[in-house]
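After this come two complexes, each holding chain A, first together with chain B and then together with chain C.
Coming up: the complex of A and B.
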């Protein structure tokens, strides 16, 4: 609960500048996307190996995508050493994008199917569904979300397989500050929890804090240095496993490329470069060095289309 | 016969000659043993120090290569790109661009700020997806 109080202290400075109309507050960002700026800068999709993605639009709303991935993938194991086996797969996807309805489907050669639906039931109510089906038993997931967007609040109700129920609510308190809370109940694992979050954002910076009864404390701060550069840092503390991680990263969005770099307290250095070679042709370089585990991951890829 | 002779001769040479006694005294003195210990200790410490400095240098170097080198290269490319565009604009003889170039010569920060919105609209359009 330290996070919300720390943000409350910054509130009066805003109020003194101009009279705030508390009946006309902006709509907050969805609860689950609370940390999105920090995540965008600090969590690029690092990969190891080669990937090739191709997206072809058939018409305005319909697009097909093909992607090939080759490279080692890690297998979870008990020992501290990571075990990697070389894999290769092809993924076929079909996207239907319409302002009211979005359908995404992905099929992998190893039999995994991923489907996502986003449908606007009315102006305020949005239905989101996400399903992952695999050939292995007990590994398939399904999740349905109902989002209700109010004038200065958002609420969401989640239903998942394994008797998972969740609900969250976020409310704008001042033009810059929004506070939210969530509850969830996982029937299969007999677990339940509550969480609180606060987000303070101006056009120059975003600060978020989140606590949950599962023992997680997450704080993040993103500073926009200029139009092109933003610096981000985050802090994560897990009370149950006594895990503390802090990381710091930069995010450069230049005309020809986007470059993201990160260093964290576990001795892990990551950088991710997306270079635009031509219109609709992007070259990706990804590097991750884990000094402590002596785990080095390098990858390159090509994205065509979009 | 030869072995017998040696057996006889050995004790005689073992009898404390001046040289042997001096060398014994030197080799068994506490200063020498202390010196030896210090020398081996320093050697050990230097070895450790060198090894850990090497490790630190390795970590710093690889981190630098991963985090900073791409950044420098990309910043340089961006700057080249900007300069090229300014040059082209001045060659085409568009008066506002020419003005901008003069501004750039006088105050690089001003010109950069002026050119920024164009750049970012473009970059965001590409990567926000």
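Coming up: the complex of A and C.
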């Protein structure tokens, strides 16, 4: 009788660090998405009122969406009081999603059109356009981006209406660290600016920092505590206007729901819950309590469809 | 001497203005061409904005209805 072969041969317990191949670095995250983990955890789309979204898929690639919103909308006011006006609108949207072409269009009852186009001109060159069009003259905005993706770098050139030009570049320096910079020039306001950003990410954490000549210093840190829980914190300082904001939040991604909450240094507590009641049926609860301004916003909504 | 200087200066000025006059006509040509270009591009952008405003969503719908598998009109209009 043959002796049973032992399966677990003793492996060396010391992990040998792989030598970093600096010519084979991964492609970095796009410059504008650098803060995306912190943004997803700390800035959910809180709303006030009732929201109902219905997305109807007609095709693999084509879908129509109908969305109803009823609730108070804040209008910017000079005084410290917040002025809210009750509004209700219906939004119709059409989405076309192809691997090479994405078209997203939304039209509201007051005639505003929101259009987004993303087109892969070649393997590495992507054209993106984003436009908000209104019937009022001089109130429409449009922004066109050309993205070029290299082996371990990305560069982007932006054109906007009102003679807005921008360019940014981000490069992977080590497998975990990427550094980037941007310049922009706004013709209408005669302003220009330079900014630098850095992002360090591992499996468990992401830390980003951004400095701009417009006076903004923004730092963020996201730690993935487990598969379901991540904690995020964010610090923003404007050295021109001496404005400081720090926030700390959590993000629980559970089987049936996603719960996000944050607390701010402006005395603002936010919470956002998306619960999956059934396949394709989501229930949303949103709450934002601003203790300093005494502004309490509660919203609920239902999302039907993918 | 002074008068000579003055006269020279005047001559210099007149010749300079003469040359400026000729160059100004060419520069005014250029300026009017630039102006015309700007006017045409403004007109083009305004028309493009109106076309995008009214035509983007119909364009998305047309592209969607012509994609494979071809959906029918009833699928577009029915709420189910």
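Here, the second predicted complex is superposed on the first by the 288 of 306 C-alpha atoms of A that agree within 3 Å, B and C clash if a C-alpha of one lies under 4 Å from a C-alpha of the other, contacts with A are read in each partner's own complex, and residues count from 1 in each chain.
Operating definition for what follows: contacts are C-beta pairs under 8 Å (C-beta built on N, C-alpha and C of every residue); 3 or more make two chains touch, one makes a residue touch a chain.
Fair warning: this is a prediction, and the values are worked out from it, not measured in the lab.
In the superposition on chain A, A:61 makes contact with chain C only, not with chain B. In the superposed model, A:259 lies in contact with chain B only, and not with chain C. By the touch criterion defined above, A:95 reaches chain C but does not reach chain B.
Contact with chain C, but none with chain B, is seen for A:140 once the two complexes are overlaid on the shared chain. Contact with chain B, but none with chain C, is seen for A:271 once the two complexes are overlaid on the shared chain.
Overlaid on A, the two complexes show chain B and chain C touching no common residue of chain A. Considering their complex, residues 59, 62-63, 66-67, 70-71, 74-75, 77-78, 81, 116-117, 119-120, 122-124, 126-127, 129 of chain B touch chain A.
On the side of chain A, the complex with chain C involves touching residues 56, 58-62, 64, 92, 94-96, 98, 103-105, 107, 113, 115, 131, 133, 135, 140. Per the touch definition, chain A reaches chain B in the complex via residues 226-228, 250, 252-259, 261, 263, 267, 269-271, 273-274, 276, 285, 287, 289, 291, 306. By the touch rule above, chain C contacts chain A in their complex via residues 49, 52-53, 56-57, 59-61, 63-65, 67, 69, 71, 75-76, 79.
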